[in-house]
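The same chain A turns up in both complexes below, where it pairs with chain B and then with chain C.
Coming up: the complex of A and B.
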């Protein structure tokens, strides 16, 4: 053992590292973890008390009644406002307007539902979007779909 | 970019979620495991002709090991949450085990590299002055015993560590293969052969990487390439590339011969969708040609000059590094471009240049270990050991 002093020190160092890890883990281990399943139970209360980020159509209708009514009449009735606009809290906080509401007018967004795909139901309006745009003589730019289609009521 | 699809796809099969960094992950860990197993051939199995790369392959292994988590961090995002895998790992998830397998392997590798360099550390402590001297003294853990007996102890521990390291390396990389092999919903991944295929190709990439590092490193340090070492590397590389490619083909032959449901999609996957990266790169450019080149080195050794042998090995190794990368690509990306319907393909994927999972970051991840090796070499030699001589008299 006389000539194994360095090995003993190295092993001790390793043991110290493991002990430090166990201690660190002990202090960092979330207290409520695993109480009701494999997650930190405190996070439920944290999320419940967080300020809402999203709103529903009712919240939007409070100011934009006409737009909400148009949307409800048309084929996009089941599409939430926030699908094309941003989450409500980017625009309104504590019932006051804080910033203009962004709109996503990209062809990609329309493609999410309307790109031709065999997996979609037959009656669902679907096209190969770039071809469709070219057929109609439109330039493929941001907002090209809205040139002919009203996003709030596509059948108008 | 518009999504263009072909055939029948389930609507939730439209996106490739495991991107370039998940191709890099098995690639980088494969280099780690391969280089380590190569080092073990010298340290455990006493293939003394491999002595010139004994240290280099260990240090290279450490360099790539340090780079490996970056792939997962980039893929997942939120690096500040990464340590949670050590705090609250879910025991039912194979992926959650990565942290522990990684940490154990890192400890083992550092311990082994320390032992290999211990005599040098003591020599350097005795030769240097000031802060540098303190640095080396701390590295030596304050023990300056370089007697015959102490070195004998070192050797014994080294053999045990390296012997533990072989199953360790196999576990580290076999585990990565298992992550894919255990996805039962994906017929291109789900096979018990996957860990073994991954491991063999890991060894191929590890040896190929060391061949290149050795040749380049030797050039920079003004030494000569050891012919016996290069010949031996070529022989091991040849053996493992043959095993690796055979296993890869065996898996496909089984799928083709069984011609079960999944062959309907795997056949067009291989011959149409992945024609370039599978047939072109993985089989022909990356496997067939290197097997021929290395075959020349192994079988016609006595007719070759050193320069020709070195060049053939270098070129074959470069091609094999590409082959193994293509293999990882074909597994990871190939497994995601067909739908779970087994009846349709989504448009294939190509990484962006500056994306979070893009080409520039992937290159940086591969460059990091090279910088690490160069820096390590400034602290401790990765090539020939310093002359230990009368080390005992140099006790600081």
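Coming up: the complex of A and C.
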């Protein structure tokens, strides 16, 4: 046993080293770090817990069935309600109405899609604005496009 | 001998008053025992944790369902597809992204560029306010023979330069292939911002941490699609899931000629483009 002294010392040193390592790790590493990779797994849950601002495409139809039906019949069927209105959460939160839903009727918004641009795909309906409105004898006001076009179904 | 011992004791520590007295020796003795015991428990607990980590590393990834509220991240593998032939450059995606993720003004998690190319190969590229307000008619002065809009976002690369060099383990890639930034760990050194070949990261002006497209992770985990995909009126942007059977986007990627940005960098992006022209970078 006398000759095993140096081994015992080495083992003790090892134990001390492990203890120090684990202690240092405990205080330096955040909880859940390394669980699924070199990152804090709780961060994934933090991302997942954020509340969505926009709704689903179908969420508006839950209350505005008629408007949704008009929209799906026309050429704007592929346009999400929230593009011209606002994100769902400004209007509804936890299935309760919190504020009136705003709507952007400006020609500038219509122009983001329908202003004639060389870079747009050729088949896409485009006009030169505001010349188009002036040609039709309309006053350039907020909502000028809606004087002739129904935004929910432009061909109606 | 007993008298000497008694002399050494403090005056109020004699046999007749059995009040527990904590002298220096006693304090050190009991204190070190208590400290040792608590540290030992701590070490044992941590060791158990470490063993669990080691086990998890060797096994198939855990679902993480308990943390993510019923959403199983092993059952998804997201891919993104942008059809440049369809994009009308309306900027609805940029606006939706900014609102959904509270992106600060003049910073973009996704943005749209406009390319106008003349016959002689002259290029005019612009992206006023990231395309958020749409595009004004452009007079580039040369006869434009080819023009297109070019939406960009984080490519959610498989081999991510940004994650590789993060010195604090703040940048990471989830099991489904979403590259995220842990805001609480990020020290804002900006290495990742420089490393990203697609320019899709920025330092948030308020938090001073790296920020980027999260692929609307909070929406994905609720079964919703990303804000940009939902806002796109012409279905130029699509989100797919290669694990899902019969997925439309996965089918397009499998059967049509899709391209990724800067494939020579071997980052293996998961954002694919249809109709990508040679000028687009």
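The working rule: the second predicted complex is superposed on the first by the 112 of 156 C-alpha atoms of A that agree within 3 Å, B and C clash if a C-alpha of one lies under 4 Å from a C-alpha of the other, contacts with A are read in each partner's own complex, and residues count from 1 in each chain.
Rule of thumb we're sticking to: contacts are C-beta pairs under 8 Å (C-beta built on N, C-alpha and C of every residue); 3 or more make two chains touch, one makes a residue touch a chain.
All of these numbers come straight from a predicted model, not from anything done at the bench.
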item: Partner chain in contact with A:120 - chain B first, chain C second, else both or neither; value: both
item: Touching partner for A:45 - first (chain B), second (chain C), both, neither; value: second
item: Partner chain in contact with A:28 - chain B first, chain C second, else both or neither; value: first
item: Comparing the two partners chain B and chain C, which touches a greater set of residues in chain A; value: C
item: Touched partner set for A:135, first chain B, second chain C, both or neither; value: neither
item: Contacts of A:13 with chain B and chain C, given as first, second, both or neither; value: first
item: Partner chain(s) touched by A:36 [first = chain B, second = chain C, both, neither]; value: second
item: Which of chain B and chain C A:65 touches, first, second, both or neither; value: neither
item: Partner chain in contact with A:111 - chain B first, chain C second, else both or neither; value: both
item: Intersection of chain A interface sets (partners chain B, chain C); value: 25, 30, 33-34, 38, 40, 108, 111, 115, 117-120, 128
item: Chain B to chain A touching residues, read off their complex; value: 1-5, 7-11, 86-88, 90, 107, 111, 114, 118, 140-143, 145, 147, 149-150, 152-154, 157, 344
item: Residue ranges of chain A touching chain B (in the complex, touch as defined); value: 2-7, 9-10, 13-14, 17, 21, 25, 28-30, 33-34, 38, 40, 107-108, 111, 115, 117-120, 128-130
item: In the complex, chain C residues that touch chain A; value: 39, 42-43, 46-47, 50, 53, 56, 61-62, 64, 67-69, 71, 73, 85-92, 95-96, 99-100, 114-116, 133-138, 144, 147-149, 169-175, 180, 182-185, 214, 216-219, 221-222, 224, 227, 230-231, 233-235
item: Contacting residues of chain A [partner chain C, same complex]; value: 18-19, 22-23, 25-26, 30, 33-54, 56-57, 76, 78-80, 82-83, 86-87, 108, 111-113, 115-121, 124, 128
